[in-house]
Amino acid sequence: MKRRIAVAAAVAATLLASAGCGSGGGSNSGSSNPLDGKGKTLKVYLMVDAQSSWKEVVDAASAKFTQDTGAQVTVEYQQWANHLTKLDATLAGNDVPDVIELGNTEASKYVFNGAFADLTGKLSTFDNSGSWLTGLSAPCQSDGKTYCVPYYAGARVLIYRTDLFQQANIKPPTSYDELVAAATKLQQAHASDPKFSAFYMPGKYWYAAMAWVYGAGGQIAKQDGGKWVGTLEQPAAEQGLQKWADLAKQFSKGDPTKDENDQDAVYGQGESAMLYGNGWEVGAVQSQHKDPNDPNSAMVDTKVKDKVAAIPLPGFTAGQGMPTFLGGSILGVAAKSSKKDLAAEWVKDFTSTTSQDALLAKGVLPNATTLLDQAAAVKGSEATALAAKNSWFVPNAPKWADVEKGNVLQQMLVDIVTGKKSVDEAAKVADAAIASTLNG
Amino acid sequence: MDVLESPPEARPAVVTGGPRRRRRGSGRLTPYLLSLPTLVVLAGLLAFPLVRMTMLSFQRLTLRDLFTGAAPQWAGFANYTTVLSDGFFWTVVLRTIVVAAICVAVSVLAGLLIALLMHRVSGWVRLAMMVAMMLVWALPQLVATQVFTWLVDTDWGVLNWMLDKLPGVDFSNHSWFVDPVQGWGVIIALVVWGAVPFLAISLYAGLSQVPKELVEAATVDGAGAWQTLRRIKLPILSPLIVVVTTLSVIWDMGLFTQVYIARASKPELDYYSLAVYAYQEAFARSNYSGGSAIAILTVLLVLGVMAFYVRQMFRIGEAD
Amino acid sequence: MVRRRSATLAWNAIGLAFALVMVFPVYWMLATAFKPANEVQTFTPQLVPLHPTLDNFRSVWHAPNFLVDLENSLIITLTSVAIGVVVGFLGALAIARFRFYGRRAIILVILMVQMIPFTALLIPLYLTLNRVQLTNTLPGVILTYLILVLPYTVWMLRGFIVNVPRELDEAAMVDGCTRLQTFYKVILPLTAPGLVAAAIYGFIQTWNEFIIINTLNGASKWNLMAFLAANQTLRGTTWGPLMAGATLTSLPVVIFFLIIQRNVALGLTAGAVKG
């Protein structure tokens, strides 16, 4: 991991030097106290998860911030769908938000392209900055400087039906072979149900498929002599893809053209035995808000209430879990913001240990390794925290977000699962697309 | 483009008859003053962006330029040569043309048949057909697409469930978008479904204006239904058919919303139309210049059809 | 005679079948909107909502930004249509009633403009509006929507104005009316149906637009269409509230359509066939 960052940083250095960018974090024009925010209003873009799941944590941080600085905060909650398109347009303008949340895989594009302010000078003021999870902090770094702050993380686990496992007399799998054996047994036991999936796996679920790739010792792309090269066609990666595709084809009735967006609802119908999902999905499959637009509405139980449990997904090597994608979010201060110091202050409050503790209770993972052990103690987060210790992350390339937005990996997976292309053909096409996108 | 966004049909020249006298001295400036606001709006909001788009297609605008406001580099024809030498572009061109051709042919034909049918049915059935079509017509394109997506959903869709009820047919877990032929079938069905009301109602109104005496005379002369249709109704209807067909071509060549929303904003390569391609290139791959080049090529491609339509309409506008 | 009747019967059957097929998606939208959540996402759909509920409507009504975006929709639509119709009427008057240098060019531009793919114009449009600080504002969108409304309004009204015989104007002027009076007393009343039709088309067009506003503005400055388009959360699309929102959003358009149904058909086709 470290090495890759160093290389990326070197590239970034040349990029940045030539463009002469970097807008100097704490540049404030002469006012005596940069943190005197009376009469000012900070504009914050957070993703919708904060609104639906931990709005009170946001409000508490903002309240503290307002108390300390006198500045007001308005938070605009964004939908994930297409949010980058809008953000690009917004950042091109002058009326930019001061603080922006991004998915950690999306961050490097903005970091490398000068959208965020340099926060290196304030690094020590952020809680736990010495032990941030690399999967979150790596994309924030460029040229040895830090441009954004880890917010929270998520890791994926194997969710399984305890009742079905008991009925079939199977124990939770501890190796990948056991997992396949269990799935085979379950699928046979429910052969009469045309909707039954022993392991529900929608075709575009690339966070899952790539876990298989990294688990088999492969990776998505690497840097070679300053150029990015797609590495999905290498034997290890293809082996992982093949195993993933075998599982999806054999044990899943899921739509090969769907992504994982409605997998909780499908699983909640009670006709799937296993699911690969985020820590919070363990709860989401069991009960949903009666009113999906009202986080305070009552919970309605699904058909699998109290019938599920979670463990880290077993990997190909005995005793080792499948490396999980370390998803999550980061917070950046817009380079064009006129209130960078205030913005950094709010980020500091929102990522403080206090805020992180409050987030832990919501079933997400903290932004620092020092807090992971605490997370493991939170009921329901044990498996997730355990899984997070063995993780992978997307290539730290400035244009990585465009690979995601361009659906390169999803296209490859759909081609494989639907049998339109062989693993090798599909991987080669994807590698070419990755190379042209990342180097373009 | 939505059928709702249709400009009104051609109106033939109204023959006012008699020499037109112009009052002199009432200000030659009047027409300019009257059209000034229109021109200002069009220049500011259209001409300027249009010029910028053309410029963009000859530049290389990077995300960094966008964020920092730096001036983009000139690229000459590089964007165009990249696009034009890419086999995928031509696949998309061909696909767009084929899909548009099918959409137009099916919807115009269906519209005509429905219009004829409406003349055959009882009054209350006609009313039912009218109401059904009005509801469909009035439905916003986005909503219509979301409803169709919901109908054909693999897991929750009512279509699979109904088809699955048919004896000997297994449609549970059927994904309509795995096979692009089926997927495009759904999209074409959606387009046709949305276009038929406009076409059928326009053509129905057109048919109503065919003089009864003509049809009766033909019937007396022993002409069958088919002959009256071919020799009397269709010739009278043909200017209208030409206009609605031309409009349909222009809309269907610009197919975007139905594909983009039906594929959950993440269209697979098999589902790219030219408009989707330009949008994805610009907004998904941050290749604004390449996207602009594709957009301009698309406009050029439809220009022939557009020129035809514009010429037809222009004649009318000139004549009055 | 009997044959005739059985033929009509057969045509009626086909006509009804067609009406049913056409209307089914609309029905399914409504049926979904009135179902409780556990009947919406289920592997065995129910054709009729057995336990109709307003939950979905309540949910979408209270959804973040729904009311704000509803208000935006109304402001944007009404303003841009009002401006579009006034400006367009003047333009239409010019090209319908006057011969002047540049008239042909204007007609040509107005016709061409309707053919331009607006998705392609998004980025330059954004850059242009940004230069005058109008991104993420309602006036910015209202201005942008003028290019959706205007060309087509001009064209439509032109058709209505030329249908007012010139002799009427001239007679009025002979009677001593000024140009302005002629306009008020002759042209305006006679083109009123055209104005209504143009306004309604403009309304529908701006009400239904979502791609431009989704890119130019943030969620609190969206219209209802953009709100609907974004109704896919991280946890999947919530179809019940989405269909309820779709119903509510379509309602004004449908009502307008049904009220002016006759005018729509007439406005679109009158004169296209020489009787």
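In this document, chain identifiers A, B and C correspond to the written order of the chains, with residue numbering beginning at 1 in each.
Simple rule for what comes next: a contact is a pair of C-beta atoms (placed from the backbone, for glycine too) under 8 Å apart; a residue touches a chain by one contact, two chains touch by 3 or more.
No experiment lies behind these values; they were computed from the predicted model shown.
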Can you name the chains that touch chain A as well as chain C? B
State the pair with the higher C-beta contact count; candidates are A-B and B-C. B-C
So the centre of each chain is just the mean of its C-alpha atoms; given that, what is the distance between chain A and chain B in Å? 39
Roughly how many whole angstrom separate the Cα centroids of chain B and chain C? 15
Residues in chain B with touches to at least two other chains are numbered 155, 172, 264-265, 283
Note: chain C residues in touch with at least two other chains are 41-43, 122-123, 127, 215, 232
Multi-chain contact sites of chain A, meaning residues that touch two or more partners: 81-82, 85, 92, 195, 261-262, 265
So, in the complex, the side of chain B touching chain C is made of residues 2, 4-14, 16, 18, 20-23, 26, 28, 30-32, 34-35, 37-39, 41-42, 44-46, 48-50, 52-53, 56, 114, 117-118, 120-122, 125-126, 128-144, 146-148, 150-151, 155-158, 161, 172, 193, 196-198, 201-202, 204-206, 209-211, 236-237, 239-240, 243, 250, 254, 256-257, 261, 264-265, 275, 278-279, 282-283, 288, 291-292, 295-296, 298-299, 302, 306, 309-310, 313-314, 317-318, 320
Seen from chain C, its contact residues with chain A in the complex are 37-38, 41-43, 55, 58-60, 62-64, 122-123, 126-127, 130, 133, 135-136, 214-216, 218-220, 230, 232-238, 241
Chain A residues within the chain B interface of the complex: 19, 21, 81-82, 85, 88, 91-92, 109-110, 113-115, 194-195, 204, 253-259, 261-262, 265-266, 335-336, 399, 402, 405-407, 410-411, 414, 418, 437, 440
Per the touch rule above, chain C residues touching chain B in the complex are 7-8, 11-12, 14-16, 18-20, 22-23, 25-26, 28-29, 32, 40-45, 47, 87-88, 90-91, 93-100, 102-104, 106-117, 119-125, 127-128, 143-144, 146-148, 150-152, 154-156, 158-159, 162-163, 165-167, 170, 173, 179, 197, 201, 204-205, 207-208, 210-211, 215, 225, 228-229, 232, 239, 242-243, 246, 249-250, 253-254, 256-258, 261, 264-275
In the complex of these two chains, what residues of chain B are touching chain A? 62-64, 66-69, 154-155, 170, 172-173, 175, 177-178, 264-269, 280, 283-287
